[in-house]
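First comes the structure, then the notes that go with it.
A, B, C and D are the chain letters, set down in written order, and residue numbers restart from 1 in every chain.
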Amino acid sequence: MHDTGLPTGTSGDLVVDIAGLTRVEGEGSLRLRVRDGAVEEAHLEIFEAPRYFERLVVGRTPDEVIDIVARICGICPVAYQMTAVHAFEHGLGIPIDPQVRALRRLLYCGEWIESHALHVYLLHLPDFLGYASALELARDHRAAVEAGLNLKKAGNRIVELIGGRAIHPVSVRVGGFSRTFRKTEITSLREPLAAALEIALATVDLVAGLVPPDFQREARMVALRHPTEYPMNEGHIVSTDGLDLDPTDWTSEFHEGQVAWSHALQARSRDGRPYLLGPGSRLTLAADQLHPTAAAALARTGLAGEIRTNPYRSIVARAIELVDAVAEALDIVEAYQPPDRAATPWTPGPGRAAWATEAPRGMIFHAYQLDERGLIADARIVPPTSQNQAAIEADLTIFAPQVLGLPSDQATHRIEQLIRSYDPCISCATHFLQLHIEDVG
Amino acid sequence: MTLDTGRFLPRDELEHLFTALQADGRRVVGPTVVDGAVVYDELTSPAQLPVGWESDTAPGKYRLRERGGERAFDYTIPVTSWKRFTHPAIVPLTRGRRDEGQVLVESVVPEAPRLAFVGVRACEVAALAIQTRAMRAGPLGDADHAARDEAALVVAVECATSTSTCFCTSMGTGPEVREGVDIVLSELDDGYVVRSGTPAGARLVQGLGLRPAAAAETARATAQVAAVRQAIGDPVAAEGLPGRLRAALDHPRWDQVAERCLACANCTLVCPTCFCTSVAVASDLDGVDGSTTRTWDSCFSLGFGRVAGEANFRPRVRDRYRQWLTHKFSTWWDQFGSTGCVGCGRCIAWCPVGIDVREELRAIAPADAPVGPIPWPRSPAAGRAPASLATVLPATHAVATVRALAAETADTTTLRLACSDPAILAAQPGQFVMVELPAFAVPPISISRMLPDGLELTVRAVGPATSAITSLPLGAEISLRGPMGRGWPVAEAYGRDVVIVAGGIGLAPLRPLIDRILTERPRFGAVRLYLGARTPQDRLFVHEMHALAGRADLQVTEIVDRAGPEWTGRVGVVTQLFDQATWNGARVTAYVCGPERMMQATAATLGRLGVRPAATWLTLERNMACGVGTCGHCQLGPFFVCRDGPVFSLAGLGDAFGREGL
Amino acid sequence: MSSSTRALLSKTRFAAGMSPDVCKRLAALAEVADVPAGSQVIREGEPIAALGVVVSGRIALRLNVPGVGPQTILTVDDGDVFGWSAVMPGSRSTSTGTALVPTQALMFERERLLAAMAEDCELASAVYQRMLKVVARRLAATRVQLLDLYRVGHAS
Amino acid sequence: MTSQPWAAPVRHSPRATAPRRPRIGVVKFASCDGCQLTLLDLEDELLAIAERVDVVEFAEATSRRSAGPFDVLFVEGSISTEEQAEEIVRLRAVSTRLITIGACATAGGIQAIRNWFDHDAIRSAVYPQAEFVESLAMARPVADFVAVDGELRGCPISPAQLREFLIALVTGRRPQLPDEAVCLECKRRGVVCVAVARGVPCLGPVTRTGCGAICPAYGRGCYGCFGPREAANTASLAAWFSDDRSAHEVARLFSGFTAWSGPFRAQIDAHGGPPGPGEPQRELQDA
């Protein structure tokens, strides 16, 4: 499908047209303008049928919002629920039982494990080994794919137990959860997680051995940072160039703009600079907070530096975070003591509720205005992928020239692989990716 | 065995009773507070009892209140009923394997835990007994229920409180506990008056080494329950209710209650006596390993009355509500000789829109309403074939092998099966078998011929299961359970003329009857066979029937609903073959099988010709899922079609035949 | 030929219960028709010449269904009637009647029959009674046929 | 066909002759990807199923693409742009069986709430330059555009029901997808009814079963993500809710992920429309 039918081999004015990028969540398209072998402009075109969530939540109660925003993304619903629930609790000053917070983090770990295992084994790994899909990969490497599926399943087990189901869980409520959990329920996770930890560690060795395309660049990286834990539910917004921001103040540094070629709003710094979110950024900015087991695994790979400069190494970063999430989940399971009550009672009221958390794909920001009745008057939801868009375009501008000389299918594959390495959650932001390289030189 | 005189168990020694029960090798199940309600769950100590809690119920409302004090049983009826333990929501039925044409299906042997039910109220004691009668009424009885029922020990508690939804007094089931329990407790502020009702109970109580209860204590216990009776009063006029309900099948109130009823099935699921279930099928990806599971179902779900070809006997909510209410309070008497309602009031409290069964009964069958005319006989026996035709009990899952196949029509195939199972080989004309291919639903199929070494089934492919059965290759095996039901009463026609009317596939169940009549030909007078079919292409056993037509001792005429010019035979409806007949109806015994509406037309015509209803035999189709009268699907008024039928006499069915939505 | 028509008529179901007198007067109006298999006795939409009573044989009453061809909706056998609309003033045949086998029928020429019935009330009521029965029976049958009962349901 | 002398069967069982592996496609429209992700969440069966069917189109999982034909096409998402309206018609033409999966495809999804409101107002509220954004005035279920052969309900669909559907597909039996109320599953699980015991409003009695009664089991009322069941008597339930609730609160209860489905929509309309940005547009309610 990737053959353009156009003459190849003739230099310079090569035109490559790609039918579509696959193994990303959703669909979008990419347009490159090339002049004299240099990429003039790279546009990530995003044609998601808009669903207007910012308006759908208007008039709703905070608890309704938690159910609704999950539907923005079936791959990372917990990220949306966590960001919203923390925002409301912070905005309305609702204290949270430490065990409830621990369960929230356990739930989030579950989603990280599920999402990262999905991306590493089902979406990204086939690129490195030259397969069209994990299903085909399984014909030659069944054990590896099965291991990945078991790892993924362990993540789903957590979300199913605490949330009721793996996708769009139902238990997260403002103030806590809709029910309490007996210790025996939580400890039932011990065994699957112990097995998952073995797989996660093996995954690190597997992906660290993969040979990435040669590509170096210094990106401006942004992530949350927490004094005592690896960034997930909370933290300050920090960057590789010294930014340090309260998570509720996202808007003071960043802003969302719209571009003609996209249905997704593009976020940049107010000075127009793009920034990169995700596993690479978190490892670069918070590696010192990794769980010891994960820190050791990272050290073994000796790839901390490359993870920062070569986006193709993001698969290693995800593997490290898999170890971290599984190890943390195990610790939480061991330490769990049932809270006295499922949720802190609270009364609806007016105010501003904002928060940022770390979705598997990177920082996610929500801000809500609550009216006198405590209903949503206005909302701002900024998913990771719309923040990463500009950075991805920037990287493509640098990277594309390296592959323009290659036969079209190889060029395409390299570029697809690069875009995949950001794990764009296109269903949060975008649809169907199509690469046109238009040479105007 | 009635109860002995009481002994006294001090409150702080209740622990000892638990210990004694556990020492008896039993897990204790009793009341405890979960999620804001009292439920029955496994208990390890009396500390888990709902001490100091009382509950309030009203239509659609249940609230638990902390009232303090040390009494553990002042709550009223909890949402859970004991059927969760005697008749669990999900029970494995069979495991099956189908590999390279070889089939093995076996029943899953029930495992019955040794339980002690603590805190069983009078109405629940009655419910356990009623359900036991229901689950043992069939030709087989329900092995799983029997095992669980027998393994349980019952420690009852006499009610000291009541709530607005209680009406055990009207149904004659409480509040006093008089019999049918191993032990009964009456809770007083400082302890319990303990009486035993069985040797097992007596042994346990003896082991506690208790002093006899003082007269004052016994008196307080008696006064306490008497006060409860007083408080409840007599909200339902139960006397004569079965008859009044039977006479009210067309009451306008059914439509009014259907406007409020959600058909959500909660009333039936919380009911301690409702026993209806459905069978779910599961299999692996290759359809090699299959299993069937029995789950709680309800006459309120649409699928409950659905039969092959998507026809449904209870499409409207009105029909479903009427089925439930009349079954509980009326036809239950016909089926099991008792009320189906014990007056626990769960269906009132746990109805999401607060429909009050007592109110509906007052509106539909008030005390002063006329009783008759009774639309069907009080006892199903009247509808059954004579006792001489005792059902052969379906033994196990027999294996049969496909020896030959004949395509009868575009969608109907006759399978000739070799089978050595003695029960199946002893099948009577008109009986059916449950046909199981692992991974597929299990349809009831009438036997279309008995053979010395097997049988024939004539199957119309109307769904995946029947398609799979009719597509079996030669040599393939299937599993049969049967024979089920009551067949054609052949002896009824000795010395009389015989009229056989068949419509479409209805000829299949009549074929073994024809075979039998021919082997005993001299015992019968004139034998006339009237065959109807949709088109010439839809006729069954064409060669065979032509051969029969050639016989001097048999009259065979056929007719089709419609035909092209190539057809030189008769065209019209089957009744036109005999509606102007001159034979003497009084001498005739008639056997009829076909679509229900066709049988109605036939029955009417036969009646005009003087054939007596008691001599007119029909076979009905309903949703027969278990075949032995325990799943409840195939109910028709007072009858279980699978067990009391499928063959009925017109007289036996009475007004139940052809009544819409029944 | 009156005596033979009378003999034929009297043994038909149609004449059952008819007083010998009336039977005689009716038979006097009849003519015997021997219809070879395949030939038509009435035609859909055409004026009816005569009322027919089948003595022996079988006649198919058919409607032509565009695209499908002629469909037999009813067959009439010994003692049954065809062309009943003959006794209705100025009406036409509602179907086409074709003999499926060599058929013998008694034919009552329409004008003569109507004239006779106008004269003879006893005869008229005997004929009309029987016509009403025939029509009622066919209506009842048609209702059941309409339900197309054998189409659905019943796996066995 | 009159009865033949005893002969070999005309038809063959699925296992007697190995059938061609069915060509399966998975496509999406306006949705969150959660329902197609459920396929990948069948961790234990995924590879075994993949060996028994031919997954020819599933952009989220494989780079192999196909425009059809499909023996079975799973369609996720609601139709909310012109392009989608055209694409679904094309897909219907190349699909033997078209199965809609999830609340968006079967009922319009949460985004169908906008169907009650002024589209342009919503669009310009989210996008500074609304002219760049194209979408239809309403988000609607697939069945509003093409014939649908089957549906898996839910937001998201249930893995158990998807597993049952796929096993039934490859073994040739009818999938068991009951249309009864959530209450049956809830009571089978032994969950205490949150509506009766705690007065929590619950749509379970009028909602199609299949989820496993998750919400009541987790202490919440059912919010109807599987949509209305057969004979859903929403009028009676709404009347019961109205005893201690304002009309707006009653409408809110039905304004979930299947709000646009008939029986729920009827109660939303009867109680003043769903909560949302501004006043509901009356004329839209009859659409």
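Assume a residue touches a chain if its C-beta (ideal position, glycine included) is under 8 Å from a C-beta of that chain, and two chains touch if they have at least 3 such contacts.
A quick note: this is a predicted structure, and the numbers were derived from the prediction, not measured.
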Per Cα centroids, the chain farthest from subunit A: C
CA centroid of subunit A to CA centroid of subunit C, Å: 85
Between subunit D and subunit A, distance of the C-alpha-averaged centres to the nearest whole Å: 26
Subunit C and subunit D, separation of their C-alpha mean positions in angstrom: 60
Subunit B and subunit D, separation of their C-alpha mean positions in angstrom: 35
Junction residues of subunit D - those touching two or more other chains: 219
In subunit B, residues with contacts to at least two other chains: 463
Chain-level touch network, classified as line, ring, star, complete or other: line
Interchain contacts (touch definition) - all pairs: A-D, B-C, B-D
Contact footprint of subunit D on subunit B as seen in their complex: 34-37, 39, 60-64, 79-80, 84, 89-90, 259-266, 269-270, 280-281, 283-287, 295-298, 301-303, 317, 349-354, 404-410, 413-414, 416, 439-441, 461, 463-465, 467-468, 470-474, 476, 537, 539-544
Touching residues (chain side subunit C, partner subunit B) in the complex: 13, 58, 60, 62, 69-75, 77, 79, 98, 100-101, 137, 141, 144-145, 147-156
Subunit C-facing residues of subunit B, complex: 307-311, 432, 443-446, 448, 457-460, 462-463, 466, 503-506, 508-509, 532-534, 538, 561-565, 567-573, 575-576, 579-580, 594-595, 597-598, 601, 621
Subunit A-facing residues of subunit D, complex: 28-38, 40-41, 43-44, 46-47, 50, 55, 58-65, 77, 80-81, 84, 109-111, 113-114, 117, 122-123, 125-129, 132-133, 135, 139, 155-156, 158-159, 211-212, 214-215, 217-220, 223, 225, 252, 256-257, 275-277
Partner subunit D, residues of subunit A touching it in the complex: 1, 19-20, 22-27, 48-52, 54-56, 58-60, 64, 67-68, 71-75, 77, 118, 122, 126, 132-136, 138, 142, 145-146, 149-150, 152-153, 156, 164-168, 170-171, 178-179, 257-260, 262-263, 265, 342, 375, 427, 432
